[in-house]
Amino acid sequence: MTHRLHPDALRDAAIRAEICALCSHFYKLGWASGTGGGISIRSGETIWMAPSGVEKEKLAPADLFTVDRDGQVLTHPASDLSLTACAPLFLAAYRHRDAGAVLHSHSLEVILAAALVPPGESLDFTRLEMVKGLEGGAYFGTSTLPVIDNTALEHQLEERLEQAILDHAQASAVVVRNHGIYVWGRDVTQAKTQAECIDWLCSAKVRMHAAGIDHLRHDRSIP
Amino acid sequence: MTHRLHPDALRDAAIRAEICALCSHFYKLGWASGTGGGISIRSGETIWMAPSGVEKEKLAPADLFTVDRDGQVLTHPASDLSLTACAPLFLAAYRHRDAGAVLHSHSLEVILAAALVPPGESLDFTRLEMVKGLEGGAYFGTSTLPVIDNTALEHQLEERLEQAILDHAQASAVVVRNHGIYVWGRDVTQAKTQAECIDWLCSAKVRMHAAGIDHLRHDRSIP
Amino acid sequence: MTHRLHPDALRDAAIRAEICALCSHFYKLGWASGTGGGISIRSGETIWMAPSGVEKEKLAPADLFTVDRDGQVLTHPASDLSLTACAPLFLAAYRHRDAGAVLHSHSLEVILAAALVPPGESLDFTRLEMVKGLEGGAYFGTSTLPVIDNTALEHQLEERLEQAILDHAQASAVVVRNHGIYVWGRDVTQAKTQAECIDWLCSAKVRMHAAGIDHLRHDRSIP
Amino acid sequence: MTHRLHPDALRDAAIRAEICALCSHFYKLGWASGTGGGISIRSGETIWMAPSGVEKEKLAPADLFTVDRDGQVLTHPASDLSLTACAPLFLAAYRHRDAGAVLHSHSLEVILAAALVPPGESLDFTRLEMVKGLEGGAYFGTSTLPVIDNTALEHQLEERLEQAILDHAQASAVVVRNHGIYVWGRDVTQAKTQAECIDWLCSAKVRMHAAGIDHLRHDRSIP
């Protein structure tokens, strides 16, 4: 007799494995060092999230929590772990954008790029092919990401992050000054690839700033 | 009885495996993040190409298309995928240079180096040993790569990329401003090693620009 | 009959394996190139340490020494190896902070950041989320690391490193100018994650210095 | 009956495996991209060397040549490969320093650091702990590496490289301007770890130059 897993159990196992693999990958990218960063995935009404304060590159499938869209814990790990402090922030993107996945990174590239942005302004990208990797991005258009100030405790960010999501209907991410970024997508692939494009764009902006390079100076392309 | 594969099936499997391995490698080099970049290989009259808009580091052999030199699709993946928008650009290098492989990268090093090049001028490298890794490159010579402006959509690049190939008979690559680079070679090894040399040379140029270093200042070598 | 290992032998094997894995990881991070750097772990009254002058990424479990809190060698490798010259420095952190693990790195980020610090001053970090990864760190607080001058021989550092530990009761690390850093924690996880946060913070400081970026300039957050 | 390999065959297999592993490692470090760079090992009167113009990260044990100290080929690979153009340069270090291994890298860090050195001067390092990783290096001493100009063809470097070796009895390496570096050691471990220290030191020098950082400015250590 073949032992068959219920489809829900298979889905659960696959999502847990994917979160662990991505957290390990983000660690290697420098997005999740020192227990920071991570990724959350939604399937239907269930949302998988990592625990708080653990080394993300060593996450095991059994370490994850599941919560519903209101943040009520559905299942928790056997070990003595707490839900990530990012939970309300992840939930804001699920609530307002019906995201399929939300990631949080402490990317230094993003933080340096955001440090160049005056208060009340957004982080803008234009005329770089990688802009096309962002939802709604176009080479001759401008993609903008809202930048909000940080708070003493992560969960205190909820209100201003939610406001930024509402104020910037086109954005797929919110940057938190001197902290990091929240990026979402319709599924985990879009969340990850948009985060990669944003990182590339921020790195380009910072390196151009540092080297005195203006990528528009010699550009004669016409929309 | 030994089960033997037809030589064409073996060749097909080998090329598909190589494209997947190289795409994964290019992702690690930062050339193919966010679904960008990729490599195409030709064997005889058949050309293998990746699909559009997928994470290149996760490409599977069955995901690839084969096309002929005119771009007619010979075989397509079972899954619901489209041919890469780079197809006409890859084909231009196959047509005019009889290339054995063409790669496309979104290397930040190349884009930063190209941002230093005024309109109508080329990206030039001289007196660096790595120049010798380029077809026809010599330490005391100058290797030049044409730089073209980007277009809103990738396939619109075809005409100006083709013109650049025709205008620069010595070049093994065309740089697309604020976008990336197309590099070809007589085989996949030469396409890849030339791309590595170009990346190294662009990185050198950008870091020297940023640090105020002139590699010719103290050079007393005599041709 | 099941062959069972004594719990002490299991613990010994696990710690040796962890030290080897971490040394290999630190090598990849650039913290332990050229035989430099390493990590020591304490369990109860026993302390495991690497030998002197070996390639840290190739360390084998059998290469390690064990010492007691006074530095008396308990067990030594069969091969002709000497105890690391860092031993007295590791012991200072065990003695004064009851650390569970101490690591030493030659991180270039740390050394460049420390080169910005005038004599007698400390390396300070504030208003960066990663500060919260340090013991006692807060976003609106300031975490400080003492910086001491280097000596000709590593073991000569003992006195001034010990003094720095005593003088900076809040610090989890001592920076040695033009040399590297010693970081400790209540266990190996805290030592490693704090070292990651410090590295991130130093890298941020140096890149901001190089690029003329001030992360406080546009920050309007209120404690 | 146990099948036993002759000790010479074992040694041959071990050295070939080590060269392949190191070439792959150097590729990942950026020292051997685009077919450049490599390492040669001597055991007794036999010297193992890689062939010319191959991707170093894909080198197979059977691809290697063996030569004697005069450069006479003892064994060559079955495939149609030529001996590396670095052969006479490797031999110069074997001849004049009785080296056990010699490596060649195209490290960008070394080339940028050398670009800062005026004609006739050497690349000097002092007051950085990593200097102690060089043969004869001391924290309060100065380690110097000769810098020679490049030539059109690699083998033409022989005479000036040999002269630099003779003129700088203390040096473990010769830098070739705008090209790369040759580093040797009494064995493969010392050649590799010295190359790592030199790379670290060059990277430090270049980043300090670019960022306007002077590591001696605040250093009050006394020899």
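Lettered A, B, C and D in written order, each chain numbered from 1.
Everything below uses one rule, namely that a contact is a pair of C-beta atoms (placed from the backbone, for glycine too) under 8 Å apart; a residue touches a chain by one contact, two chains touch by 3 or more.
If you're wondering where the values come from, they're calculated on a predicted model, not measured in any experiment.
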Distance between the centres, which are taken as Cα means, of chain B and chain A, whole angstrom: 30
Inter-centroid spacing, chain D versus chain A (mean Cα positions, whole Å): 43
Residues within chain D bordering two or more other chains: 210
Overall pattern in which the protein chains touch one another (line/ring/star/complete/other): ring
Contact pairs between chains, per stated definition: A-B, A-C, B-D, C-D
Residues of chain A that touch chain C when the two form their complex: 30, 33-36, 55, 106, 108, 111-112, 115-119, 149-152, 176-180, 206, 209-210
Chain A partner contacts - residues on chain C that touch it in the complex: 127-130, 133, 138-140, 189, 192-194, 196-197, 199-200, 203-204, 207-208, 210-215, 217-221, 223
